[in-house]
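Quick heads-up: structures coming right below.
Next come two complexes, and both contain chain A; in the first it sits with chain B, in the second with chain C.
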Partner chain A sequence: MKPSAWQGICLVFRKELTAGLRFRAAWAAMLMFALTTLACASMALQGGSLEPRMQAALLWIILFFASMAGADRVFADESTAGTLLTLRVYGASQAVLLGKLCYTFFLLLVLAAFTVPLFLVFLDVTVKEPLVLLGAVLLGTGGIAAAGTLIAALTTDASTHSGLFSVLMLPVILPVFLPAISLTASSFGADGAGSPYLGAMALYDAILAVGASVLFDSLWYED
Partner chain B sequence: MRDSYLWGLAALLTAGVIYAVFFIVPEAMGLGPLVRIAFFHIPVAWVAVIAFFVAAFYGARYLRSPSPRADALSACSARLGLVFTVLATASGSIFSKLTWGAYWNWDPRQTTIFVLLLIYGAYLTLRSAIQDEARRARVSAIYSLFSVLTVPFLVFIIPRLYFSLHPTPVVNARGSVDMDAVMLYTLIAALIDATLIYITLLRRSVRAHREGF
Partner chain C sequence: MWGGLDAAPQKGRGMRRGSMEERQTDAGASIVFANVTKRFGAHTVIHGLTRTVRGGCITAVTGINGSGKSTFLKLAAHLIMPEEGAVHVAIDGEEVRRAALRAKIALVTPELRFYARLTAWENLAFVLGARGKKLTKEGYEALLGRVGLAREKTGGMRVEGYSTGMRQRLKLAALFGTDARIWLLDEPGANLDEAGREMVRAEARAAAGRGTLVLWATNDAGEEAEADETIRLAGHLPRLS
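Moving on, here comes the complex of A and B:
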């Protein structure tokens, strides 16, 4: 019996999670990258304080580049293991894309749950508006997951894989990245960003997810 | 139209625009002779944006019905777009230094042109990283269309995020043109000239691309 679209998404998500937990390389690389850069930044500052805007920028630079260390493998690992063709034959394109997108989002939420508390401790940052920070992290990682899943699929056969992924991601993700920094700065006590930014980020996340979904078919069902 | 006619027309128009910019156009209030940079900067920025949409349009055409011509047009337009974006960035920076005192200050329009520069760079890097021709054409077409999604953000969100020192656009927020008539006609001629140069270069580079150069 053919699974429904929702069941297909859940199956792909469960497959990704099982494979990720079994091999752990992507998780370890991503979390250790975040920890290393965070420790470097904290050591370099030697207990000195930064402006909220600088703190927010630093946090999102760490989150962005750490996510690049994990999210770029979502299709390349299938290609290396030789399972991409099987997935192409048996998996519906949208189930594959959305299942992998949900998994990447989950992966990035784990990264944020690991990085943000450590960042607050290491850099002695006080959060004045926790809900704004939560919204920025959820929508920021959502945008990275939406764009990252399609771009990971695009770079599967590329010769210079890792560096290329960051190069392709940054221009597309800037509309999420910049408001996320403004909102995070606001949650750390800076003036400015508010709910309109959250709305704009949510809208752009949706645009990225729909765009990825529309374009993925052209990639998945090649002539 | 043959390329030689296009080149001739572009050369004539370029000569006319240069003459008008240096000998006819009056100095602008507050900017003085520096306004002359605008007659180079605005047309190259205009072509940089047109080339972006042409690359995406032929990317979409390729995905609808794959053909080497559509891929060549998309790729060549992106290459030319990168050159025009570099020219727009450089001329804008010089104008910025002479009027605001700094080459770069992340003004909304500087941010927009920089994002465009990143997109062109990423697109061409992606093309150079994939060996298989059909795969390269398909993947780069998808990326060029995906990057179009940033346009609403660059046009509507960025100007609200950052304070701008940039002069008011030619067509202002009220939808009217607030510019001296001589300046306006010269600018329109410069825009047509830059577009003509772009079209001629695009035709030439597509031919070279398809011949394997």
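Moving on, here comes the complex of A and C:
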């Protein structure tokens, strides 16, 4: 009997979550990176304030690099532990991809839920448009999750995995990163970006997810 | 310089339930190796192999270390592809590839690992669930008990606490639980005690009796003797001088 796509995705997500919660290294690395960077930035500013665009850029730099501490491991950990073969034999390609993508997205949402409030407090930032900030964070982390999962799969067998992951990630993520910064700046009170950027980010996220889905079969099956 | 030759099929202890010729029908599983050559870099492991393996019997693949036994199994599973020739897998007369093929195979190899931070029950729930099978609690207990990993023995501990023999038994539990039509076993008796090896032989025989294609890479004389036929791989190893 073949499981439904949804059941397969839920199985992979639940497996990732259970294993992740029992080890917690990826979670700890991400959250500690975010906390350390925030504390350093806050102390360096000594009560001073930044322009909204600089604030937004700083927030996304923290989110991006903190996510790199955990999100690039989704397939590399399987390869290191020797479980990738098990996953290849028993897991359907789309269930594996989307289950891991959902888990990475969830991980990044937790990271954002931890980082953004602390950022607002530590750097004394006032949010003028909370819904725009919420949209930017959701779509920005969604884009990082989609791009990160695909590139992690592509670079799993590379001997220089981490370096290659970062190099490939930059051009793929820029179309998400730049509007996310503009939208976040706008939510902090800067002039400029608005809802058209949200639509463009949602479209790019969808393209990334569909592209990952189409490409992944050729990575998963040799024949 | 490269030496050696390839497959030299031989009958093992004979067909227990009819000859191979009687089974040359569309029913059941079959794997056809058609003039297959596999290289790793400049090293040719398998050269020009042509062979058909069918369901309903146990086929042993033997040969010295490096002769290509594990490669043979991976080719059968389409986990790697040959440089030349083709490997055709058919179920009930219909060729299967990609997801349809993966759904029909189960693998026990030294490279296969289960999730160390999950329990045996959680690992089985994951791999069987991925194949669309959901057992009751009693079903999982029975399956684990069948391979000697009953809860009373393991205490429900995570796989990271298992010995190599217990991990091998967990691989076998997944194999038995999936109802796969093709069993690809690479040294399945490795790390098992005599009772465990006997269990593997009995289960493989029972599976072959149900029509399952059992391909068994081994250097163990007892396992080879259990097989209905044998493919000997001589390999293409580099000469040392």
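Definition applied: the second predicted complex is superposed on the first by the 220 of 223 C-alpha atoms of A that agree within 3 Å, B and C clash if a C-alpha of one lies under 4 Å from a C-alpha of the other, contacts with A are read in each partner's own complex, and residues count from 1 in each chain.
The rule is short, and it goes like this: a contact is a pair of C-beta atoms (placed from the backbone, for glycine too) under 8 Å apart; a residue touches a chain by one contact, two chains touch by 3 or more.
Keep in mind it's a predicted model, so treat the numbers as computed, not measured.
J.: So in the superposed three-chain picture, is A:29 touching just chain B, just chain C, both, or none of them (first/second/both/neither)?
T.: In the superposition, A:29 contacts neither chain B nor chain C.
J.: Looking at A:222 after the superposition, I want to know if it touches chain B, chain C, both of them or none. Which is it: first, second, both, neither?
T.: The answer is both, since A:222 touches chain B and chain C.
J.: Considering only the touch criterion stated at the top, classify A:212 as touching first (chain B), second (chain C), both, or neither.
T.: First partner only.
J.: By the touch definition at the top of the document, which applies to A:45: first (chain B), second (chain C), both, or neither?
T.: Once the two structures are laid over each other on A, A:45 reaches no partner at all.
J.: When the two structures are overlaid on chain A, which partner does A:61 contact: first (chain B), second (chain C), both, or neither?
T.: Neither chain B nor chain C is touched by A:61.
J.: Looking at A:134 after the superposition, I want to know if it touches chain B, chain C, both of them or none. Which is it: first, second, both, neither?
T.: So A:134 meets neither chain B nor chain C here.
J.: Would you check which partner chain A:167 touches, where first means chain B only, second means chain C only, and both and neither mean what they say?
T.: First partner only.
J.: Applying the touch criterion given at the start, work out whether A:118 contacts chain B, chain C, both or neither, answering first, second, both or neither.
T.: A:118: touches no partner chain.
J.: Quick one: classify A:178 as touching chain B (first), chain C (second), both or neither.
T.: First partner only, chain B.
J.: Considering only the contact definition stated at the top, list the common interface residues of chain A for chain B and chain C.
T.: Touching chain B in the first complex and chain C in the second, residues 222-223 of chain A appear in both lists.
J.: Can you name the residues of chain A that touch chain C in the complex?
T.: Interface residues on chain A, with respect to chain C: 1-3, 7-8, 11-12, 15, 18-19, 22-23, 81-83, 85-86, 88-93, 95, 217, 221-223.
J.: Using the touch definition up top, name the residues of chain B that touch chain A in the complex.
T.: These residues of chain B touch chain A: 63, 66, 115, 118-119, 121-122, 125-126, 129-132, 134-135, 138-139, 141-143, 145-147, 149-150, 152-154, 157-158, 161.
J.: Which residues of chain C touch chain A in the complex?
T.: Listed in rising order, the residues of chain C that touch chain A are 77-81, 97-99, 101-103, 105-107, 109, 111-118, 122, 126-127, 129-133, 158, 174, 178.
J.: Residues of chain A touching chain B in their complex?
T.: 147, 150-151, 154-155, 157-160, 164, 167-168, 170-172, 174-175, 178-179, 182, 200, 204, 207-208, 211-212, 215, 218-219, 222-223
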